[in-house]
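Heads up, the thing below is written out as structure tokens.
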Amino acid sequence: MEPLVGIIMGSDSDLTVMQGASEILKQFAIPHEVTVVSAHRTPHRMIEYAQTAKKRGLKVIIAGAGGAAHLPGMVASVSTLPVIGVPVKSSNSIDGWDSVLSILQMPNGIPVATVALNASKNAGILAAEILGTGNEEISQKIEAYKNSLNSEVIEKVEKMKKAGWENKFD
Amino acid sequence: MEPLVGIIMGSDSDLTVMQGASEILKQFAIPHEVTVVSAHRTPHRMIEYAQTAKKRGLKVIIAGAGGAAHLPGMVASVSTLPVIGVPVKSSNSIDGWDSVLSILQMPNGIPVATVALNASKNAGILAAEILGTGNEEISQKIEAYKNSLNSEVIEKVEKMKKAGWENKFD
Amino acid sequence: MEPLVGIIMGSDSDLTVMQGASEILKQFAIPHEVTVVSAHRTPHRMIEYAQTAKKRGLKVIIAGAGGAAHLPGMVASVSTLPVIGVPVKSSNSIDGWDSVLSILQMPNGIPVATVALNASKNAGILAAEILGTGNEEISQKIEAYKNSLNSEVIEKVEKMKKAGWENKFD
Amino acid sequence: MEPLVGIIMGSDSDLTVMQGASEILKQFAIPHEVTVVSAHRTPHRMIEYAQTAKKRGLKVIIAGAGGAAHLPGMVASVSTLPVIGVPVKSSNSIDGWDSVLSILQMPNGIPVATVALNASKNAGILAAEILGTGNEEISQKIEAYKNSLNSEVIEKVEKMKKAGWENKFD
Amino acid sequence: MEPLVGIIMGSDSDLTVMQGASEILKQFAIPHEVTVVSAHRTPHRMIEYAQTAKKRGLKVIIAGAGGAAHLPGMVASVSTLPVIGVPVKSSNSIDGWDSVLSILQMPNGIPVATVALNASKNAGILAAEILGTGNEEISQKIEAYKNSLNSEVIEKVEKMKKAGWENKFD
Amino acid sequence: MEPLVGIIMGSDSDLTVMQGASEILKQFAIPHEVTVVSAHRTPHRMIEYAQTAKKRGLKVIIAGAGGAAHLPGMVASVSTLPVIGVPVKSSNSIDGWDSVLSILQMPNGIPVATVALNASKNAGILAAEILGTGNEEISQKIEAYKNSLNSEVIEKVEKMKKAGWENKFD
Amino acid sequence: MEPLVGIIMGSDSDLTVMQGASEILKQFAIPHEVTVVSAHRTPHRMIEYAQTAKKRGLKVIIAGAGGAAHLPGMVASVSTLPVIGVPVKSSNSIDGWDSVLSILQMPNGIPVATVALNASKNAGILAAEILGTGNEEISQKIEAYKNSLNSEVIEKVEKMKKAGWENKFD
Amino acid sequence: MEPLVGIIMGSDSDLTVMQGASEILKQFAIPHEVTVVSAHRTPHRMIEYAQTAKKRGLKVIIAGAGGAAHLPGMVASVSTLPVIGVPVKSSNSIDGWDSVLSILQMPNGIPVATVALNASKNAGILAAEILGTGNEEISQKIEAYKNSLNSEVIEKVEKMKKAGWENKFD
């Protein structure tokens, strides 16, 4: 199937962080592509990627980058697709603040849907939610997923009760 | 027409900031509703709003709040719709950091699509982009809008040239 | 005995940090319960927990959470009991600032009694102090505890003197 | 009636911020006293105030201070009463961070129940909640107060609907 | 004369801040051009500007922008000219941190010579210093300028002495 | 009398902030001099000032500066006198953080005695305390001064009591 | 010999950081004492220590503490001796900011001479500089020490030259 | 060949970070020198280095330092050469903020071309770009270098495609 979501990142060193987006999309069976597009090292590739994204059938772009992270914002400036930005805490980052603010604080007219630091999994879920606005099947998968999060907590709570974990304390 | 986007905010004092979202959606002729839903003062109303949003036909929720801003994240925890969070710089905010971090740093499983501080206009554009993934007409309006941003800059540049503004400097 | 203090946390990964609250309450022989309640993954359980807390005999709630930490504030919005918030420095936290500000910066009307980052022990002591306002026995235990802190320091000072530790320096 | 809550502040310049605590306590008809106690300019008065507070019948102390704000923590070190700290954003404060961190980040053994920057009103409500743990009448006043917060929001929502405020937007 | 320095900014609202660069270059009689180039609203114009800069005879580019400021870094990624970045404290900036970090924290391979917040004058002086490395006349102008800064201070000191300003104090 | 304390500042625009140091020294009748010494605009004057300070009879140097504030640290590197640094919140400062950190975070071997942001008065008091270590008369003036701070608070407290200020609240 | 400098710290866990002050004072042969004084756990001991310090012959107090670090400021409020504050980066500190701001941002009237984070060595040197204002022998030791810092750098530079370290690079 | 670029650093402990500048200059065959110049420990050496730099044939100075980093700014105050500042994250740094702000926030008149935290490689590239403004050969080396960055990314993308890396994900 043709990919609906494009996952791009500024460097292959971001791969460890960014694969979370791909994993959750696979779990939702949403076809997607993964590649490296660097705003600073491959500016023309970036422009072309963003410009052709919609024509190639993509509906959402997930872009992750660290430091002075320009990839999400620049892709958003060229494409009309919703762009989800993932701030990556890279090695010489100032505690991640540089990446967060470079992605989040976009000027009027060019939004980037920013998620938490390193939260590529949430970027994948958000992409699914966006696709779900036009696709009931995906929407129901998200509902099931959120229910499963709930169930996991409840199960843990039950196990703790049985194992006497709480008794240990009172 | 039935609203496709729900714009909610934690307090009516957020209205000045949040109306930017409504204005741009009106410009795109996207039907939407605007109301006050407080996570802390009306928790049950918030749960109900989030729980019924999809049934009532909403596709996207825009939630703005200041300080310890729990509204966007809590709505995202109850609904499966994409939730766009607008950090509002309220009066006793610590420079807006409280609001930004309370909305952005959501845990795995429950994303909020966060935009810049006070950037309700961008929240509206992002909502349109999300709707545009399933609606070519809206998608083209966004393209026209982005082109108009481009044209505005070019026009200013031309005016400056003619008015001799640059000559003034060299 | 029926628990007087409810210790809840957003995830079982917060347990290592949060058990400090339970340990000090055990030391004060104050009955308490410990469980996981996630604002984002189990919002309905959270509402129910908060709504029934007082009826079940709880006097104080201690709530710990990391990142965009909404649990303490949301519990405070539903219950009339005093809620003590413990900011937890979780793995993808931005140095703990997200958790601190999400818990501390509550709007007018809905206070959360916030303690230091990861300071669950202090949350337990604060809960005891609150119970002590209506229970002289507990109040005296706290006094004894504070005296013991004093004595520990004095003892160390004496040991250092005898061991010639200070002589080493002058 | 004898005061149950002591409201103290480091300087009379904090009075504008701190009177919010007194106003809400008056609303709840909780007797309280208000005075200036400076950790740095009147250290002996501070020690004495803290040491005699319980004997004089106080149940809770609210302490507000700005900058390097030592008053709440030092009072907590001498008294066994619960101490609520209000960080005040004073004139030469570094955006309030100094005051917030000086009050919040207390070491193990000596908690201060910190509320938001300048949030003296919330300090008053928290004091009432603490007293409410041993006094059902106060507890019900708090419940009524929280319900009134809810009602105020609902009323505003209704007014907006009637006045066509929402129609204005869609 | 053909311009040697290109001064660009993300928006005409940055003009008040950025004209300091032009003024000092005029003072040094260094020909330059001034225009608006927006990374986000006119990405293609930006690429073209950067790509043709050297061919058109420019030696240095000064780029100012606020918020998530991508202009300096993106121009640096396309051009081989030295790029001086001026962080601008725009209206919805988070105290200027967003702009500073977006410009400063560039990844390996693509430097931006960042100056202080709003310091367009220093950007102009730095551009002159860069041109001065190959042009002794400009280099001497900078020396004269730095000497004049020195003289201004010395003159003020002398005036203060004569006017008895210091006597006032001792 | 020969000055014992040298008050210097990086720019005459710092004078409004820095005169607080002179005023308190006058109150203590400690002879002192006041002048402008810029680390960046008059580096040689700065070196000379620092190198001759002790020979000229100075015992303590108070140095105030804003932004990247190098004056206190550089003076400390050349002189063996104790140097008190006053961070000044200048116009384009990033909330004063630049000035505070540039003065405070000196490397091993070269301390600067840093006081609070804009706290030139405290710099003057600290200078007096330092002189007081070798001069009992000055030491007693400081004691009297600290007692007067105490008395001022006590007087205000008494006035408030008489004026019924506290009654107003309970 | 009677100690001239008192080195105190809030907890014996600060000893590793604080021993740097003692080591440099030993190097300068300045008699001093070292002990633990906790503002929060031993408030009365702290008051007494500060109140008797001058009578016991101390000239300077060095106080180190972490987190909400009240020890330096409280000692300064009781004593008229110059107090040097050492912010200690303790285990649950928020990157050291809490400790730095709690010590630095003292109100008008009560200065603390703050040194860099963990910079106890600099606190010792500053104490020596203060004593040197009344003691030429100590003053000359400091001069010798600063000269030795200079020599160490020059020696390293020479070694590098000889070893061809620089040749390695060009 | 005579060095064109001087690389200096405040301490030999900065060598690990700073050698990146030398390595890239070697790659560009640009002659340079490397040595230690400490603003605080060798102030006279620093003044002399800066004052003679131009006469000795240097065109650009790269200065790296950590903590309260005064070296780049002080060298810029004495020399008329462009000075590139490299903030170094030293051991007791407050997350690198001290170094970044001490170098970046220079006052009007004395610019420092600041690069990212620890980004000595970028300092070297920037030095090359500056030299390239007057030397077409160097300019072309930079162009080749930037092209190689581009090629490296493209090659990795191709390898990923062939290795089926992307297939793994969709």
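We just call them A, B, C, D, E, F, G and H in the order they show up, numbering each chain from 1.
The definition used in the following text is that a contact is a pair of C-beta atoms (placed from the backbone, for glycine too) under 8 Å apart; a residue touches a chain by one contact, two chains touch by 3 or more.
Nothing here was measured: the structure is a model prediction, and the numbers come from that model.
Student: Going by the contact rule set out at the top, which chains touch both chain C and chain H?
Tutor: Common neighbours, chain C/chain H: A, G.
Student: In the chain contact graph, what is the shortest path length, in steps, from chain E to chain H?
Tutor: The fewest touching-chain steps linking chain E to chain H number 1.
Student: The E-H interface: which of C-D, A-C or C-G repeats it, judged by over half of the contact pairs being the same residue numbers?
Tutor: Selected pair, repeating E-H: C-D.
Student: Starting from the mean Cα coordinates of chain D and chain F, work out the distance between those two points in Å.
Tutor: 34
Student: Roughly how many whole angstrom separate the Cα centroids of chain B and chain F?
Tutor: 48
Student: Roughly how far is chain B from chain H, going centre to centre by Cα mean, in whole Å?
Tutor: Here the centre of chain H sits 41 Å away from the centre of chain B.
Student: What positions in chain A touch 2 or more of the other chains?
Tutor: As it turns out, chain A has residues touching two or more other chains at 41, 67-68, 77, 92, 94-95, 97, 100, 104-107, 109-110, 112, 116-117, 119, 146, 149.
Student: Among all the chains shown, which pairs meet the touch rule set out at the top?
Tutor: A-B, A-C, A-E, A-H, B-C, B-D, B-E, C-D, C-G, D-F, D-G, E-F, E-H, F-G, F-H, G-H
Student: Flag every residue of chain B that touches chain D in the complex, lowest number first.
Tutor: 1, 3, 7, 12, 19, 22, 25-26, 31-36, 38, 41-42, 45, 67-68, 92, 94-95
Student: Within their complex, state which residues of chain F touch chain G.
Tutor: For this pair, the touching residues of chain F are 54, 59-60, 77, 80-82, 84, 100, 104-117, 119, 121-123, 125-126, 129-135, 139, 142-143, 145-146, 149.
Student: Could you please specify the touching residues of chain F with respect to chain H in the complex?
Tutor: Its residues touching chain H are 10-11, 39-41, 43-44, 47, 66-68, 70, 73-74, 76-78, 90, 92-94, 97-98, 101-107, 109-110, 112.
Student: Considering the complex alone, what residue numbers of chain F touch chain D?
Tutor: Touching chain D: residues 95-97, 100, 116-119, 146, 149-150, 152-154, 156-157, 160, 165-166, 169-170 of chain F.
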